[in-house]
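Multiple structures follow.
One chain, chain A, links the two complexes that follow: it is found with chain B in the first and with chain C in the second.
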Partner chain A sequence: MNQMNSIFRLEGVSRQYGDVAALDGINFEASNNEYISLLGPSGSGKTSLLRVIAGFEKPDSGRVWFEGRDITDVPAHERGIGFVFQNFALFPHLTVFENVAFGLRNGIKEVPQDEITSRVFEAIEMVGLAGLEDRGTEQISGGQKQRVALARTLVMQPRLVLLDEPLGALDANLRDRMQTELRAIREKLDVTFLHVTGSETEALAMGDTVAVLDAGKVIQSGNSSEIYDAPASPDVALFLNRFNLFDGVATGTTFRGPFGQVATPVVRKASRDVYAIRYDRVQVFNMGDAIPGPALDARYVASEYLGSSIMYFFEAADGKTVEAEHHLSFGDPQDYKVGQHYVLSWDPAQAIVFGQEGAE
Partner chain B sequence: MSDTTAPKGKLKSATPWLIAPGVVWMILFLVAPIVMIIYVSFWTQSTFSIDSTLTLASWKNFFSSEAYVGALWTTIRLWLIVLFLTFIIGYPAALFVGLLVKSKTVSTVLLVLCVIPFWTSFLIRVLAWRPMLGKEGAINIILMKAGIIAQPIEVLLFSELSVVIGMTQIYVVFMVGPIAFMLGRIDRNIIEAARDLGAGFGRIFWKIILPLSMPGVVVGAIFVSVMVLGEFATSGALSGRKVNLLGNIIVTQVGSLKWAMASVVGVILTVLLGIVVAGFLRIVDLKREL
Partner chain C sequence: MESKILKPILAVYVGLFLLFLYGPFFVLGTLSFQQGPEGGPQFPIIEWSTYWYRHLFGMVPPSRIAPLPVGEALIRSLTLAFMTMVTATVLGVMAAQAFRKRFRGAGVVFYLIVLGMMVPGVLTGLGTSLLANNVLGIERHWWTTAFVAHVVYTFPFAFLVMLAILNRFDGSVEEASWSLGVSPIRTFRKVTFPLIFPGVLSAMLFAFTLSFDEFPRTLFASGRDQTLPLAIYGTFSVEIHPNIFAFGVMTTLFSFALLAVYGILMGLSVRRAKKQAMQEDIA
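Up next is the complex of A and B:
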């Protein structure tokens, strides 16, 4: 990532609340004109990070750079960074039109009246709310409020828009539609979106770049497939919610876990020994079948139909739940008996192994 | 079906009984007295007695007397001054308590501190201003000791000023409370959103905070107005009989058994209050806030 193309950069940004470090020396650089999703479990500091970038909070240490300028000490209203709140935070006493016009009317730059009118109509049109200009904020639905919040931010033509779990308050159906629309709107406007979410599917689906945040640190960033195929640590694998994780002992070339001892060609350096296998890599065998690789005895518990695939839930001897995903395009679902024992196996080459003695 | 509708039907027939005690109470102690006061204001008053022959004499008497009409204007003038002062002093305090203090605990403690003066009786609170404001009172002594003035300021006590000071001190908390409550309900994200859109503190205050706190201002203004317009004790205790409000006139008229004139003033005061409250309610649609 070269300097020219960078829209904002965080240098060792830390923020402490009492004894808790919400942000712990974050270094992050975002390139211009990109959709970045920031994935983190609740309490990982993702909202704090957005608030520091927006200027609502000051970092205890570290610098924030935006468009090549150090903005750490610039007040929020002079930064020109858009912020879309999770609860929309519309002005309840103003109409849709006036909500969108607020920044143009009250911002730092004086904007002539007819330009305000045309830009507001344009923004409302873009988010698909034409005709609702005179409605009050109580007279529109949740999805429409979300669009007003977006239009209100975009009408200011910011170079960077921060979205704090923007889809969190919407129902699933609407969420899917807004995902597509958010991406489309961003592409049209050539701005950078930094989208914070706790949902791994949302993060992977939306981000050109996905950054994973945990305990106040960015623990991995890259494009969706990099993150998905090669999580950098057991924690990332855990957040992605697509992997069965087993504790065990990794030596240089093998891993001993509940499924026996398995050869491991590559071991990645991590703080603990963990064996990760994706849900859809797990295969189910009957007891007594000849198993070439690892074999894990597990009791079948339940299944969950997901449309294009079906998820089987098993319980291993140590009580841990193991999930196996079966894509329906690979054949009809199997009927497993609840309570009966089966053997789970997989191709060891597809596993991702973390070990304290692994390679960097 | 009959099973599901029965309780509903019962509830419906019970509804009038639920409001009956309130209605009876209001008729006995509010409607009947008001009707009676209006009626009595048209009675014929002679020096020592009153009879129910209807006449406009007391009404004519009120509007032709400079003292009475003067009292009406004094009441309105003092009300406006006190209303203005309680707002000017109360709003910043409410802004601090309700919005700028981040901790809910601290803001509750501050609100409780505001009502501490109410732990003592109304009369004590009013009379306590005498040793404060008097010619040899605390303020004059301090100012003289500090060498700021050579002579005691006499206008401090037994003047319109002392009445204004006394009333403002007593009633300002009724302005602070409702405003602080409304400000406390404003979503902090809204203010941050306004900042993010480029608005400085001044713009945010005028365009967001003040409009959103208007219901609190209106409720506070109604509280203060209702109490100030009916006042007689503060002016009685702190004005040295120099300031006569409508309330004071009622007290003296009743004291000298002039029931008809007392009723006239009572009716005028009630009408005035009605206009003021209705006027405030027009500013903000309180129904939306409840």
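Up next is the complex of A and C:
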């Protein structure tokens, strides 16, 4: 990522709340005209990070750069960074039109009336709300409110828009539609979206770049497939919610876990020894079948139908839940008997192994 | 059944409460229609008449009963209540706004402000007068010492009202405004103030009514020119005539008019508040 292309950069940004470090020396750089999703569990500091970038809060230490300028001490209203709230934060005393026009009317820069009108109509049109200009904010649905919030921000033509769990207050159906629309709208404009979410599917689906935040630190960033196929640490694998994680002992070339001792071609350096295998890599065998690789005895508990795939839940001897995902395009679902024991196995080459003695 | 016994007792209690609340006013109201100028402030009503109302406005032939010397005092009290209302409300809004952020000593400052409501009024008035006269060299007037005493008295009420309103206020609309490039001052004017306006109205009503009939603090602090409550009290010391009652009815009607204005303004902004509440529900 070269300097010209960078839109904002965080240098060792830290923020402390009492004894808790919400942000712990974050370094992050985002390139221009990109959709970045920031994935983190609750309490990972993701909202604090957005608030620091927006200027609602000051970092205790570190610098924030935006468009090549150090904006750490610049107040929020002079930053030119858009912010979309989870609860929409529309102005309840104003109509849809006036909500969108608010920044143009009251901003530092004087904008002529006819330009305000045309830009507001254009923004409302873009988010698909044409015709609702005169509605009050209580006369529109949740999805429409989020569109108003988006139009209100985009009409100011910011180079960077921060979205704080923007789909969190919407129902699942609407959430999927808004995901597509958010991406489409962003692509039309020369703007970077930084979208914070606690949902791994949302993060992977939306982001050109996905950054994973944990305990106030960015623990991995890359494109979706990099993150998905090669999580950098057991924590990332955990947040992705796509891996069975087993504790065990990793030596240089093998891993001893509840499924026996398995050869491991590559071991990644990590703070603890963890064996990760994706849900959809796990295969289910009957007891007594000949199994070449790892073999985990597990009791069948339940299944969950997901539309294009089905998820089987097993319980291993140590009580841990192990999940196996079966894509229905690969064949009909199997009928397993609840309470009966099966053997779970997988191709060891597809596992991701973390070890304290692994390679960097 | 518990309620079989409890309910009638509570009903009687409420009835007594209402009787004691409105009884005096009812008696006063009735006596204000006593015949004049011979009729006194007691039952029975000799003959129903509006004499004392006309007497109030100088519309009756001169008699041995002098007109109430309340005209100027009324203007004075209205002016003072208005000044107090504006000042106390502005201060209350500002102080409550300051308390939205935790600052060092916030707890101590809060209790110091609220304790101001508990200090005995007569002492505050006396103290204010002594401080002004002997220490600061300021003359006692209704618009100096009494004004200060009234503001000090009503400010905690305005402050508490605004604090309650701002506690429920979702600050993200302000942040949204900043992020749209609108300065904090303009944000307050265009976003915060319209949304907290119902609270401001209540604070204003509190400050106005408290100041308008304030007695103990004003007693020493008002100086030569008296406010309305003092002027009325002054007439008691001579002889009581039903013209006082007529005046009481008039001021009560005025208060009701004030309440009506408040109710109308409140009703207008209630729709806004509803919108806000619905948005909070979704959040």
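Note that in this section the second predicted complex is superposed on the first by the 360 of 360 C-alpha atoms of A that agree within 3 Å, B and C clash if a C-alpha of one lies under 4 Å from a C-alpha of the other, contacts with A are read in each partner's own complex, and residues count from 1 in each chain.
Operating definition for what follows: contacts are C-beta pairs under 8 Å (C-beta built on N, C-alpha and C of every residue); 3 or more make two chains touch, one makes a residue touch a chain.
Since the structure is predicted, the reported quantities are computational estimates derived from the model, not experimental observations.
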In the superposed model built on chain A, check whether chain B and chain C fit or clash.
clash
Thinking of the overlay built on chain A, is A:T137 touched by chain B (first), by chain C (second), by both, or by neither?
second
Quick one: is A:G107 in contact with chain B, with chain C, with both, or with neither? Answer first, second, both or neither.
both
Partner chain(s) touched by A:V338 [first = chain B, second = chain C, both, neither]
neither
With the two structures laid over each other on chain A, which partner does A:A76 touch: chain B (first), chain C (second), both, or neither?
both
Which touches a greater number of chain A residues, chain B or chain C?
C
Which holds for A:A290: it touches chain B only (first), chain C only (second), both, or neither?
neither
Pick one for A:A169: touches chain B only (first), chain C only (second), both, or neither.
second
Check: chain A residues flagged as touching chain B and also chain C 54, 56, 75-78, 80-83, 85, 87, 89-93, 102-103, 106-109, 149, 152-153, 156
Touching residues on chain B, where the partner in the complex is chain A:
187, 189-190, 192-200, 203-204, 207-208, 211-212
Where on chain C is chain A touching in the complex?
170, 172-173, 175-184, 186-187, 190-191, 194-195, 272, 274-276, 278-280, 282-283
Per the touch rule, the chain A residues reaching chain C in their complex are 54-56, 75-83, 85-93, 102-103, 106-109, 136-138, 142, 145, 149, 152-153, 156, 169
List the residues on chain A that touch chain B in their complex, please.
54, 56, 75-78, 80-83, 85, 87, 89-93, 102-103, 106-109, 149, 152-153, 156
